[in-house]
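Heads up, the next two complexes both have subunit A, just with different partners, subunit B and then subunit C.
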Partner chain A sequence: MNDVVLEVEDLVVEFDTRPPVRAVRGVSFQVRRGERVGIVGESGCGKSVTAMALLGLVDPPGRIVSGSVRVAGVEVVGAPPRELRRLRGKEIAMVFQDPTTSLNPVFRVGRQIADVLAYHGWGDPRTRAARVVELLRRVGIPDPERRARAYPHELSGGMRQRVMIAMAIANEPAIVVADEPTTALDVTVEAQILLLLDELVERSRTAVVFISHDLRVVSEVCDRVLVFYAGRIVEEGDLAEVFAAPRHPYTRALLSLAFSGREARSSIPGAPPDLSRPLAGCPFAPRCDRRAERCDREPPLLGDGGHRFACWYEEAS
Partner chain B sequence: MRRLLRRRLLLLPVTLLGVTLVTFLAIHLIPGDPAEVLAGGPLATPEAVEAMRTRLGLDRPLPVQYLSYLGRLLRGDLGVSLFTGRSVASEIGERFPASLELAAAALLLGLPVGTALGALAATRRDRLPDHLARVISLVGLSLPSFWLALLLVWLFAVKLGRLPFGGQLPPFTEVPRRTGLVVVDTLLAGDPGLTLEALRHLVLPAVTLAFVPIALTSRYTRAALAEELASPHVRTARAFGLPERVVVWRYAARNAMLPLVTLLGILLPALLGGAVLIEVVFSWPGLGTYLLLAIQSRDYAVVQAVTLLLAVLYVLASLLVDLSYGLLDPRVRERG
Partner chain C sequence: MNGKETVVRGIDLRVAFRTEDGRRVRAVDGVDLEVGRGEIHGLVGESGCGKTTLGRALLGLVPLTGGRVIVDGVDIGELRGRRLRRARARMQMIFQSPWGSLNPRMRVGTAIAEALRAHRRVSRAEVRPRVEALLAMVGLPAEAADRYPAAFSGGQRQRIAIARALAVEPRFIVADEAVASLDVSVGEQILELLVGLRDRLGLSYLFISHDLGVVERVADRVTVMYLGRVVERAAADELFRAPAHPYTVALLAAAPGRFPREVRRAFVLSGDPPSPVDPPSGCVFWPRCPVGPTVDPSRTICRTEVPPPTTVGDGHVVACHFPGEVRLPDPVLR
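The block that comes next holds the complex of A and B.
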């Protein structure tokens, strides 16, 4: 059990807007050392909010209402700022979607990586500079000595994302959370970045939480997958199992869309529920072709075991 | 960066030429006739006015007048005051240091206070510092400066009797003029007691004048810093566990400083020329009182010269702003 590096229990995140939006509605999962876990789901289902909550970094008006997040055994929810700071970038690091805006435009990239080392007490300036060059080389940046002195705008999108990844692995964290790290990049660069993430994990036994709405991408990099819908996990299991035999109608719909071979990005008919309202029954009911009377009354619970899913219909069958 | 520098410097003479054209034309467009004023006012005979017009060269075609104006400017000749008969350049030289001293004091006071206030407001939004900043900037921007001046005089000079007001030094004291900056001159004269007096005389006008930079910088800082603090790269810095003080003061402040530099370029010339009423209230012997007197007495040469000076200062300040932008922002430096 002490192999678990991330443990999320019944996490609830709400935005105090008008009306309040309950974006994450009781999410629980675990991630083990070196494991690669994918989070998939339609836009707005709470993937990014969950990711930020893992760092205890939900910006106002958002707040973690209840639940628990333990990173490397340390509780994040309600932790004092000093403790959070120690975890962030050291035990758990984040790679954001858009490397263009996520790096500071007025500082050299090497300096930004060096700062992440410095504020976690890594070495002295000279050894840090050497470490930065080594990190840049490790993420496949050619001529790293020179590139360390570049400003973000002097690098291509793919290079910038490599810099973000170098920053993420700088302190050899237990977990790297990558929130759609390739969405802003073109397809060939995307493939290179995915390969890079793959190699880094193999080598360092760092766990990766990989967020994407692209199931094909997830199928290439993950061992296990969590399917999010309306702020909840509706299905979870080993990638091969879930992809071969999806149990939740929503997962099935996502998969058939992703692998239908159609180029145009179509979507599942209907829209996800309004997250500012309480949900009485199954959140997927209005869009589900298996919907039964019970589905509107009682929310289906996520079962136990390796392959979990929240659906009345499947449970009965 | 070098290209940026070269382009800006090449553009400078063109801009300056434009400025001279505007001040030249402005004096011809505003109502009133300098020849008439100088010939003795409304009671002067038409012949006398005409004679004066010829003497001043005002009967020549405008382009010719402009060229001779330019020629005089190039020789450093700003004309002669219609009233004192002295060279405007030397009169400006006498009065400029007093204005500079006042403006510098207001900036030295206003910038740090304004930035700190704005930064506090941005990091503690809708809390006490934020409200305080809002009130101060409201006062600074909406209350007429002479009103504020009178208020401060009443409070500190009359009611509390703690500070002097009027002039730069106590009555009947003088200091050998070296730089023209009284605070510096008293120091050079080796009279620290008098320096203290000069500083005490400086406090009220400087504080009054400082309300404008405080108001503007605190607003700018608050807006710019709040925007930076909500930006993705600041989110990154936080997500990587950088201490909040580093996030705010290094990662966000550097970017937020850029608009502040522009503001500085606007402020300095504005403070030099915009202290007219404050200078009058405090009997401050600077450009402001000089300009006001000149306007009242239709002393065209003086009005023209002071306006030109302020405009040139403005142009030079913007040049400095552009260059410092290049130093602060690598993206601008690149584009050159």
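The block that comes next holds the complex of A and C.
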């Protein structure tokens, strides 16, 4: 079982706002070496907060109430800052939606990648410079010797995102967390970046946790999918299996919105629940067309096995 | 146009800007566009292609450097004063961010009433019932009028923005990325609302979006833009089934989830969309074109001559010297 590079157990994250908001409500999952896992859900479902928790980046007013996150066997929750800095970049790295905010505008991009290598003790300045050029070439940047000397603003959005990916894979981490990495890009550039991620993972043993609001995008890069709703996982399984036979009504609705043409549209009425309140039953019940009396009283459990889902109705059938 | 009456027509529209360093950008470069009564006309393209500028040009929100806009048979460039205001009131815009179009310090009812009064004399007694009727039209309760925008979710705010646009009884609405910042389930509710209003009120839309899936769902016809020019136009089902311009093919292949990975890999474009400040000569798409001169050097015509619009089917027009050469396999619908 040492194949598992990421283990999340019963993670609960709360924001100490007024009123307090419980954004993540008991999430558990595992990621194996080289696996590509998609986390999908709509805004406020807890997917990005979960991503931040994986890197120990939940800052006040956010707070991890309970649970555990183990990256390459090391506990992240409650870890001292030194330990977290060692983990980040070396074992787990992140690619954000907007590369302009995560690249430093006053340093050349090559220098920024070299810094990440140096921080984790990779080689000497000369071998690092060569490694930077090799990394830029690997992420498909033409003329990498010259581009290494560019400042972020001199590159297009797609190129900047490639630089971020080069930086994330620089130290060959066990896991790359990509939070909406293509959402800010044009569709033809998005296609390039998704293919790049796909190729990079195929050639390495790096696992990818890919967070997106868009099931269509997730379907391009992932082997397994976790569907989040109201701070919980409502369905999890092999991508092909979940897409072919979704069990949770929410997953089914999302799939129909993402993939059906104009004839078979079915919108979901209402809105997700207010996460500043406790949830007695199934969080999706108020919007569900199969709601039964039990759904309002008891929260359905996710269950076991490769294809898990949290729905009373499906259990009964 | 299937004998349908035209509500808005743009003829050879041109819009140019100057950048800060004084260079000229032709954001819209000779575009013809017609929107029929009750039509939802999709306008797609990537950032910088000029789609938003075109929408604003039709509404008279940016000055034209060339061309004319005809609304209900009248050239609005020739109208002045009250007649111009009245013509403009027939056209409204819905934006991506409902935050930007609503004043946070103004109650929703006041904001809608303001729009009501801007174009028509309305007596005090008439205002409240009219506001409530507009709110009902977009699926909001009458009490919404007494609250501030902050009390509403993104989807509800977009409904309020739509109610405000409807206040002047427009015939034509430019919806610019109207669902882009909303979650899919909420976005779908707004799409249903927009289509329902078209059916009930006979509205026409120019529906601008970067998301082909959304456009496929609502549009009757689709225009594809690249770097300020129209590259293809067809009925929606024809365009999605049999695109004839290599750029349209690449856009469809790139749209996530439509095709298996191998197809995407085969059709993915290299490079970024070029800058509109310094567009390529001839066909603006040639540097990235999979059947253009970078692949077949004998095709010098692509570099030297702007391809004229060619009709390849009923109402299907494509601006390409070699249309229909790149073909897509049938999409996989899950």
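One rule holds in what follows: the second predicted complex is superposed on the first by the 311 of 317 C-alpha atoms of A that agree within 3 Å, B and C clash if a C-alpha of one lies under 4 Å from a C-alpha of the other, contacts with A are read in each partner's own complex, and residues count from 1 in each chain.
Throughout what follows, contacts are C-beta pairs under 8 Å (C-beta built on N, C-alpha and C of every residue); 3 or more make two chains touch, one makes a residue touch a chain.
What you see is a predicted model, and the numbers here were worked out from it, not measured in a lab.
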item	value
Fit or clash - subunit C, subunit B, common subunit A	fit
Contacts of A:192 with subunit B and subunit C, given as first, second, both or neither	second
Contacts of A:98 with subunit B and subunit C, given as first, second, both or neither	first
First (subunit B), second (subunit C), both or neither touched by A:17	neither
Which superposed partner A:259 touches (first subunit B, second subunit C, both, neither)	second
First (subunit B), second (subunit C), both or neither touched by A:127	neither
Subunit B, subunit C and vertex subunit A (Cα centres) - angle in steps of 10°	80
Partner chain in contact with A:156 - subunit B first, subunit C second, else both or neither	second
Which of subunit B and subunit C A:66 touches, first, second, both or neither	neither
Smallest separation of CA atoms, subunit C relative to subunit B, angstrom	8
Touching both subunit C and subunit B, counted on subunit A across the two superposed complexes	none
List of subunit B residues in touch with subunit A within their complex	231-233, 235-244, 246, 251, 254-255, 328-331, 334
Subunit C-touching residues of subunit A, taken from the complex the two chains share	42-43, 156, 158-159, 186-192, 194-195, 198, 213-217, 219-220, 243-244, 253-255, 257-262, 265, 267-269, 271
Residue numbers on subunit A that touch subunit B, as the complex places them	52, 55, 57, 59, 81, 84-90, 93-94, 96, 98, 101-107, 115-116, 119-120, 151, 153-154, 164, 167
Subunit C - residues contacting subunit A, complex	46-47, 153, 155, 183-186, 188-189, 191-192, 210, 212-213, 216-218, 250-251, 253-258, 261, 264-265, 268-270, 272-273, 333-334
